[in-house]
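Here come two complexes built around chain A, the first alongside chain B, the second alongside chain C.
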Partner chain A sequence: MEIVVYGIINSITLSLISLGFTLVYSISRVPNFAHGALYVTSGYLTWIFLNKCTGMPYVLAIILGIGITAVVGALIYQFILVRVRGMEISEIIATYAIGLAILEGLRWGGLRGGTFSLPAFFAGSVDILGVSVDYQRLIIVGAGILTFILLYLFTRYTKMGLAFRGIAQDERAAMMLGINSDVTAVLSLGIGSALAGLAAILLLPLGNIVVETGYNVLIFAIAVCVIGGLGSWGGVIVASFIIGFAQILTESFLSAHYQMVVALLAIILTLLVKPSGIFGKQKELEERV
Partner chain B sequence: MFEAFEMMVFFENMIALNNVSITCGEGKIVGIFGSNSAGKSTFMHAISGIILDIKKKEEMRGGERISVFGRVFFNGKDMSAVKPHNRAKAGIVLCPERRRIFPESSVLENLKIGSFLTGGTKTRQNLDYVLDLFPRLKDHLKRQGGFLSGGEQQMLAIGRALMASPKLLLLDEPLLGLSPAYQEIVINGTKAIRDSTGISIIITEQYARPVMPIIDYGYILENGSSVLAGTREELMDNPDVKSAYFGV
Partner chain C sequence: MDALMRKERIDRGLKVRTEGIYAISDIREILYLMGPRILLIAGLFALPFVFELAPYWKKVINIMCAYAVLALSFDFLANYVGLVCLGGAFFTGVGGYFAAIFNTTLGMPIWLSMPLATIAGAVFCTFCLLPCLPLRGVYFAIVTLMYPLLFTRIIEALDILGGTNGMTGIDAFPNAYVENYTIIAIALIFLFGMRRFVNQDVGLVLRGVKDNDQAVRASGISVTRMRIIAVFIASLIGCSAGAYIAHLYMWAGISLFALDFSIIPIAAVVIGGGGTLVGAMIGAFILVPLSEVLRAFGTFRIVIYCIILTGFIVFKSEGIMVYLQRKYHQFERWVKV
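Here is the complex of A and B:
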């Protein structure tokens, strides 16, 4: 029973982590390797607001942390990525370099040691199916599901969301209809960074804010996206559950050290068996003439 | 109303479009005919501004060098340097070759994405108009665009372009790969759009025969140059056009 409950929690955690990465990729075709850095940035900013600005309520600190992270993401596109757009290798190098700069900059700026942690939203725990689960993990599950629903509604029923879907499927055809691809790309990076920030705020109360989290988060996000098929939303959910449960299973039968190995092995297996991922480009939708 | 003046496009040193000038008056249908590689699509890309995006992407990638010369005037304004999405905002909307509908979106969603520039009651009006024009789309509103037949996709592509409330609609090879029955639907639809809304239309096609009856004025492109121009009657009476396009 423990495996099922914690498997679900772990899966939703993974999908929260990868959501921002896949959103950015599907809309702007930029593989945002600074994703992990933005994740840590958001957590650290919230910690600063909470601890250095006395009297600031937790909610306001969270909103500011996520908001600033979103702006940072948008600025990264506006000033750096716009110059290398369309060159995949350069995009990866540029975003990875930005990520490294941010993470190591934070380390240099004092983010060292295990003294940085965010408080849980509510203390305490509850029994579910005989397994004790703390409130924070329940909030993660709820917020994860809510985020998915909101994103679904946003991309189906709002004008900007529909423009996102258009750009994601055929950039030039969308351009012909008056959609500005640079604006959607900036917005997608902003929203993607905000999602990374949101994941950080939800997950960091379970542990400490350390620089290494940034690298781990990036690897998990890439693993989920490669297995699910880059840029596919359904793929994110399915792949999160596959990796999520695989991790929990190895943790309970082998050892917790193998978590990262599972993610990396899954990448290798996917690339060997079905390189486009589970929900990669559907063949039957190819153009008919 | 619309004028493309001395358009020239080079891909590296190859000339794709050589001094082509075309005008289109308010509420007119202008046809551009030519075989493969005559420069029809390049011309459409040039006047819709897409060529600027292609050029930019190629430059960034260090790929092909594309040079564009000439001027595009629309309602008295010089649009030559205007980006494609802003040209669409001004009213020049391209319905691209091979349709390029959004394959993973439903028919209704394709139309909704098309209405990015409009909103509110205008969107509703446009949607009703498109569904009246092509009633067949009504039966497939929930179906994914990629699963439609070629003819239905073409209707959807034209409908999607209409959702943007164009003043000048550019149809690039709308009959490509369509059965004669669908060709008729699309051609009748094109004429109906002009007659009921007054939208000006520029249409390119390889085969002049089905399109000729609805145009007001036509141009013949060959190897990137405009070799012949005239009203419908003039073109249909021309012996060269007759032998090349009507096989008489």
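Here is the complex of A and C:
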């Protein structure tokens, strides 16, 4: 029972982490290797607002943290990525370099040790099916599901969301219909960063804010996206459930050290068997060369 | 009355005859063409003597050339095959551990363990990277990003290969000069070897893979097979640097998978000028001494590299070497009319 409950929680955690990455990739085709860095940035900013500005309510700190992260993401696109757009090698190197610069800059700036942690929204825990689950994890599940629903509605029923989907499906046709590709990409990076920030705010109260989280988050996000099919939404959910349960199973039967091994083995298996990922049918031909 | 003078580009006589293949007619033209190459080779060979009185900087020469070799590997893979390797540390780590195993466990002498580790490491790396080769370049970047971290975790978790302490007791080089000249020779051999290789037929096909893979496929050549060849060569170059570093420090540990080995070569290539091969080395020769000077900053150095890297990629994507090459060809002299 414990495996089921924690498997579900872990799966939703993973999909929250990967949503931002897959959103950016599906819309602007930029693999955002700065995703993990934005995740940590948002957590750290919230911590700063909470601890250095006395009297600031937690909610305001969270909103500011996520908001600033979104702006940072948009600025990264507006000033750096837009200049190397379409050059795949430069895109990868540039986002990776920015991510590293942010992460190592934070490490140098004093983000070390276990002194940085966000408080849980509500303390305490509740028994579900005989397993004790604390409120924070329940909030994660709730917020995760809510985010999915909101994103689904956003991409189906708002003009901006439809523009996003248009660009994702066929950039040229969308541009002919008057959708500005660069503006959409800026917005997608902003929203992607905000999603990374949201994930950080929800997940970081469970542990400390450390730089290594940034690398782990990036890797798990990529693993989920590759297995689900890069840029596919349904794929993210399915893949995060696969990896999420696989991780919980290895953790309970082997050891927590193997979590990353599971992720990588899953990637390699996917690449060998079905390179476009579980739901990447539409773009299968594009991914293969 | 003075004769009328006008300016003339030095390379004019050469360029007029042919752009690519130089038909050389006199000693001055030979010197003009050979000058930079001779300067590089002679300069590298002279370095250990120049720093005779500064033993610390002699050590820096070693590590600088090792990074130059890694940068060469990255440059070849990124700019000739179109595969971005975000984990150069994977090559150094694998090469280093193989060297350690061959040297300590199997008791091979140093001159046997280094080449063998290079080849074994290259085979191993190619095998590990095999699944992502039939796919677009972004998958290669993703998987190479993961491997160094993964191997660090595996070694820590299973406590194999010396665990977190690493493998000690690897043979050192006989003396400092052998240390210096081994890596200088490796760097130069790979540099000039690769310069030849990329202009062979197979090198041209590899460039085709980068620019238009569908055209390569349409010509009946397997893209995957070409990429396997390219990755094997690149990991050969990378693993040789790893094997050398293991012998240099007489130690192979998880820090061989460290971030430095991934990011400095990338920065060096972008700064030096991608696609020139020499530029990659020049970039390393600039960055590594710089990072020694900045040693006091600790991890902030990585931030500096990344900022330089992003700046170059956005504002000066051609790099230093391409710029210098152009300027060298534009030298002018005064001649009588």
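By definition in this document, the second predicted complex is superposed on the first by the 281 of 289 C-alpha atoms of A that agree within 3 Å, B and C clash if a C-alpha of one lies under 4 Å from a C-alpha of the other, contacts with A are read in each partner's own complex, and residues count from 1 in each chain.
Everything below uses one rule, namely that contacts are C-beta pairs under 8 Å (C-beta built on N, C-alpha and C of every residue); 3 or more make two chains touch, one makes a residue touch a chain.
Owing to the predicted nature of the structure, the values given are computational and were not obtained by experimental measurement.
Legend: residue contacts after superposition of the two complexes on their common chain; A:G166 is shown touching chain B, with no touch to chain C.
In the superposition on chain A, A:V84 makes contact with both chain B and chain C. Legend: residue contacts after superposition of the two complexes on their common chain; A:I222 is shown touching chain C, with no touch to chain B. With both structures placed on the common chain, the touch criterion links A:L177 to chain B but leaves chain C unconnected. Look at A:S255: by the touch rule set out above, it reaches chain C but stays clear of chain B. More residues of chain A are in touch with C than with the other of chain B and chain C. The contact surfaces that chain B and chain C form on chain A in the two complexes overlap at residues 84, 286-289. Across the complex, chain A is touched by residues 78-79, 82, 84, 86, 131-132, 134-139, 141-143, 145-147, 149-150, 153-154, 156-157, 213-214, 217, 223, 259, 263, 266-267, 270, 274, 297-300, 302-303, 305-307, 309-310, 313-314, 317 of chain C. Note for the complex: chain B touches chain A at residues 48, 50, 53, 57, 60-61, 83-86, 88-89, 93-96, 98-105, 109, 112-114, 116-117, 119, 144, 146-147, 149-150, 153, 160-161, 163-164, 176-177.
Considering their complex, residues 84-87, 156, 159, 162-163, 165-166, 169-170, 172-181, 282, 284-289 of chain A touch chain B. The touching residues of chain A, counted against chain C in their complex, run 31, 33, 80, 83-84, 88-90, 92-94, 96-98, 100-101, 104-105, 107-108, 215, 218-219, 222-223, 226, 230, 255, 257-258, 260-261, 263-264, 267-268, 271-272, 275, 286-289.
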